[in-house]
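Shared chain: chain A. Partners: chain B in the first complex, chain C in the second.
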Partner chain A sequence: MLDAAFLVRRQAPGLLLSGLCYAGGLAFGLAVSAVLLVQAGVPAAALVDEFLIATFLTSDGLAQTVTAALPLVLVGLASAVAMRVRFWNIGVEGQLWLGAVASTWIGLGGTGPDALRLPAMLLLSAAIGAAWIAIPLVLKLRFGVSEVISTLLLGSVAFLLVQHLLFGVWRDPATGFPVTAAFLEAARFPSLGWGQLHGGLFVVGIVAVLVWFMLGHTRAGFYADAVGLNPKAARAAGLPATATVVGLVLLSGALSGLAGMTIVAGTEHRLNQSVGSGYLFSAIVIAYLAGARPFWVVVVALALGAVFTAGSVLKVFYGISEGMIVLVQGTVLISILMAQFFGTYSLSRPGRGEAS
Partner chain B sequence: MSVAASPAAGRENTSPGRPPALELRGIGKAFDGRPALADAQFSLAWGEVHAIVGENGAGKSTLMNVAAGVYAADEGEQTIDGAAASPRSPMEATAAGLGMVHQHFRLVDSFTVAENVLLSLGRRGAVRTIAQAGAAIIAKAREIGLPVDPSRVVADLSTAERQRAEIVRVLLLGARILVLDEPTAVLTEDEAKALLSFVRRLAGQGHAVVLITHKYREVAGFCDRVTIMRHGRTVLAGAAVSGLDEAEVARLMVGEALPAGSRPLSSAGPVVLAVAGLSVEARPHGQGLAGIGFDLRAGEVLGLAGVGGNGQEELVSCLTGLVLPQSGAILLAGRDVTTVPPRERRRAGLRVIPSDRFDSGLIRDFAIADNLALSRVADGAFGALLFLRRGRMRQTAAEAIDAFDIRGATPTVRTGLLSGGNAQKVLLARELDAGMTVLVAHSPSRGLDMKATQFVRTAIRRAVEAGAACLLISEDLPEVLALSHRVAVMNRGAIAGCRDIADVTPEWIGALLAGHA
Partner chain C sequence: MDFLVGWIAIVPSYATPLLLASLGLIVCERAGILNLGAEGLMAVGAMTGAIAVLSGLDPWAALAAGAAAGTALALLFGLATVVMRADHTLSGLAVVAVGLGLTSVVGRPYMQKTFPGIASFGDLFDIDRTTALGRIVAVQDPVTLAMPVLVALLWWWLMKSGSGLRLRAVGENPAAADVAGIDVQLAQLGAVLVSGLLCGLAGAYLCVATSHVWVEGMIAARGWVAVALVIFARWNPARALVGALVFGSADALVPRLQAIGADIPVYLAMMLPYLLTLVVLVASSMAGRASGEPSFLGRIYLRQDKH
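So, the complex of A and B:
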């Protein structure tokens, strides 16, 4: 007979324990990643150089890290607000693609005066992102369709739409490549004169502060937590449960759409087939590691931005493949998640007389 | 039927010279310091069907769970077929020959019946493949005359079919003593009859069967002897069914402890909650509401007694506004609220204490202050417009913690960390506010210790004295009798009868509880 040991949920995991588990997981993940990278041909001595010094301690590196972190903050927030109401938005990339498409339409010289071009791109990308997630939301509320499947599949639909446009009406007339022409000057975020960093920084900063304030200091955030943790009790207590879910999920879509806009208007200045790839995975990683708390979303997004920066350096100078970079991210994530498990549960062997 | 003549016959058995199939002596068991069993006795002979009856919480299931190795007894002795036994797990109990079929079946839904049996057998002995398990099931099913199809997936089976699969599984594991915990509660009339006839046949083949039940009909029609339990004690040990009548059983079940002091209505207040013809479709494995109706007046407690699973949960959900009825009406202070959302019912003065406080009452992972504020944030009590003033929430919470003497609590402590009694006080502090006019309380002291129970009852009494009305839905009869001005009994989703507390007799309640109008 199997001698069973039971998992017992810790009643009140202390801050120290949680911190230790988190740090332990991070250290373990980084150590394994280091081994992987050295195995792949990166000199051990270069690791510290590239990871720590080049990404945080040099001016160029830091600018690059922050730039890379901007859309990550937005998708992380998008994932986090949906997570708060237990809506699994696995379609962050789809909403992001559509936000990018909407921005591109205006950025390429659609209607409107130049002065309103950036504000219009902001608004339209957010609106279209929200509209795209409204489909799975309605399906879920009306027919009980699992949003995990519907958001994920709609993500692919969005990408096909992008391809349709890039291989069709938006194909670059100059080169014939499936990328759009460059945006009008008025449709680009102004450069801040520090690396690639652009005016999107202020947009992301303001949005992050607003989301932080909303979740922590307004009724909406309170409702969201109540509905997320116990929808039945929230409804019985008279909270507008459905309206809360609708509001936060639409916000999630809007934030993703905004992320798409930030990428095309901030760094790419055109739409191509790769601006949105990888953000779904990153969004979930960030929101999960941050515990769906906005402040920590920003922190984790910056850390992940550094990994991206270091990754691109490794790619260029050491010929490390893209897959390897994803593997490193995955290794670190899995390590931290496993470590969190030990912070949440303790193992115990059943003694006699322990009933009910 | 067999011939045990008196309680003393419990020590004998129907096959002379053979020791009792199961004997329990002086069993005591406490949960978190609360005694569930005290000096309980039970003796089961081979070849008999033995009923254990008693109210909810009388200790019937607990006693049999001790016998079946689910719980370890704190004290007492147990023998199975004459040999001392103290099974530490259901597996050990079954190995010793005793198998229990619980109210909630222990089958893996996504497996077939044969796979479930194989899983339990654990690849020991002759049965090692699914095919062999299937053959064994068919052979056993034929032997005992119980149709079971081994190849079907459990999730696709009806409740009755699952039950049969569970019985065959337990018997295949080697059980000769079969304990059935309220097996007919989930069955239709015909299915119940078929099951009970089978049980008789099984006893005729030399097995011993324990039938835990509430229903006198089943005792009289299908059992040889009966053991009656009350408050964790055996009040009648193994008496022959033929020597008892229904009134006697009802009296022993309920006890003499009836109306503790009469409570004449202080004033015949106006009707504040009127429910008429309320019907809700039954969910799978559940009971719906079948046209239930009653009036509740200001200044009174209407106690709804009844065995659990007769529609109590559905009634509370319906009154709260979480479930919409198919037909019928709910009038709150004269206003039809049958289809309005919970929020508007709260505004009209309705407050609810659900039976499971962490299911639809409190949020386990919320701070105490947040739970206390839960129903009031939407009304702008903690900041106008959309803002939230957490400081004021904490301050209000600190006052409530003082007023209700919630131990181990500060406003920021997670509610799930509180003891049951203190968590219940958080709920009471929120629900028993100034705006309350109608309180629906479902088993408000379930799982609480004496002191917390007293606190809850006093709080309800005070609220009612102050002019509120209370619908007390409880499976705990003493609680209903201690608080109510009027008592109604719920059965199969409807009211089986209603009387003023002064006219309530044990026979009346016992008969209605047992399902006789």
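So, the complex of A and C:
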């Protein structure tokens, strides 16, 4: 098949070439997605309107995009910090669900004075997210269980727990629907008076800056890079490899838990069956497209926030399922993955290349 | 006793999709390609099967259509991993996203519409349902009956035949296989397509033969359970049969308990298959070297690299 020509790994692919491959893959993926959207019944002329103008260039749209991007930044960072130490956190959704559950418990009046309600929700959601990822972490470090499967399965378990609560003790007594009652006023982020945008913006901003600083400017970030590039070499050099992995993976879980908190305390003000859906692939796609770099995570999260905003509009006006967002994410991801081929390898004809 | 008979009777229909998917994954991973896309492949197979039946096709043709759809999506995965040497984990996740997204968008008009499934032995033959054995046999269908045969054939092919040995060689040491004159890429691409075929069939069976209705998200992480089942099975089709029966039993327990009206916390009980999977993974991982994992699983082969 391809053996007619040798694949040679490029020693140092140039910035221009990598950039071209990335842009080409992105453009191809978006083009395919656009075709799929048109096939699904969205007029081609409406695409620019819905995805660009209504999401960034109008005040309401921009507010909605930024609001949607807040939890996306957190889950993107969650996936990114784990990726840095080569840990696949495919259970972002599970940690997010549990963070939302913990916040709901306090938000419905669980315990404590009102002044401490929001801080308690922040701490508890982060703690429970970290605790939930600690299970796959221990299973991996102690028994070598693949974290890809264990994190994902624990995500399903977390969602079933949410179902159990929503169809049980937390079912709205007024309507009988599987949603909780609305949160206490003290358990909601204050509105910033621009669309649905809420005080969670400051939390997400501070967290993003802290993660950026930690990864780029501290010893822990340096250790993380060393462990991610070559765990054996890092260990041989005397770096605290295991502690670094443990720290970053727990941080990943905490960030996901926090994302759940910002959703229920910021926009929904209650727990329902859909607050956590759609974040699994978003987290992976954001972290991968951003190259696991915090600054770019924020940029990609904003772009994806626009897709989320447009997605909810398309659902209302054209009856298109939210699954469209997942389809676009998958299409763009595999397109960019395949485009990397042209940057990573060069073809050389047999005879000229070095035979094995 | 009544409960037990009813439970045993439906276990094969729950075990069959898990078994089909894990057999496909075993073939694929024996060739060195880590396939995490099973969930997406099964989703596409299930939806295609439902659309085929609802469009008036014979249920058997619908199973074939589901298998074909899984194969088509697997071709994309093969193109990414085998031909373009993309990362297996990320490509697999992308396939899951494409599969789940596509079924959600395309399948929306076909949601919640029930349809007749494939005929069971009770429909085909006159079986005395007064005995326990009769009641169990009556609800089986030709596909479940074919499963042991398929497992035996696949085991023989993979472990005893020349071409099976060549496939395993590709997954263990592609450089050696390459030198021996085996077309590594062709073998891997073929293995990927087989996994797509069997995962698609698994999804279609789940939809057409078991549930008789398509709903979004009906695979419910069974593709991931199949991925774990492969590890439990140590990449051996015969052990996959045992594993599928164990997981199928756990999967069938909740609907069975609901059917007899038992008062149990349903959602907590539904966690059982997932928690069981985790326990089994830990046990399998402790086996260490005996795990049977293909040495080159998930790695990228370039002819001139020193592996």
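Heads up, the rule we're going with is that the second predicted complex is superposed on the first by the 346 of 356 C-alpha atoms of A that agree within 3 Å, B and C clash if a C-alpha of one lies under 4 Å from a C-alpha of the other, contacts with A are read in each partner's own complex, and residues count from 1 in each chain.
In this text, a residue touches a chain if its C-beta (ideal position, glycine included) is under 8 Å from a C-beta of that chain, and two chains touch if they have at least 3 such contacts.
Here the structure is a predicted model, which means the values were calculated and not measured.
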Q) Put the two structures on top of each other at chain A: do chain B and chain C fit, or clash? A) clash
Q: Of the two partners chain B and chain C, indicate the one touching more residues belonging to chain A.
A: C
(Q) Let me test your reading of the model: by the given contact rule, A:Y318 touches which partner, first (chain B), second (chain C), both or neither? (A) neither
Q: Classify the contacts of A:F28 with the two partner chains as first (chain B alone), second (chain C alone), both, or neither.
A: neither
Q: Return first, second, both or neither, reflecting whether A:W296 touches chain B, chain C, both chains, or no partner chain.
A: neither
Q. For A:I334, is the partner it touches chain B (first), chain C (second), both, or none of the two (neither)?
A. second
**Q.** Common ground on chain A, meaning residues reached by chain C in one complex and by chain B in the other
**A.** 1, 353, 355-356
**Q.** Contact footprint of chain C on chain A as seen in their complex
**A.** 1-3, 6-9, 36, 40, 88, 90, 139, 143-146, 148-150, 152-154, 156-157, 160-161, 163-164, 167-168, 281, 284-285, 288, 319-331, 333-334, 337-338, 340-341, 344-345, 353-356
**Q.** chain A-facing residues of chain C, complex
**A.** 36, 40, 76, 79-80, 83-87, 89-91, 93-105, 108, 175, 178, 183, 185-186, 189, 216, 220-221, 224-225, 227-228, 231, 265-268, 270-271, 274-275, 277-278, 281-282, 285-286, 302-305
Q.
Looking at the complex, which residues from chain B come into contact with chain A?
A. 29, 31, 70-72, 74, 88, 91, 122, 320-322, 341-347, 352, 354, 358-366, 370, 373-375, 377-378, 383, 386-388, 390, 414, 416-417
Q | Residue ranges of chain A in contact with chain B within the complex | A | 1, 11-12, 217-223, 225-226, 229-230, 232-240, 352-353, 355-356
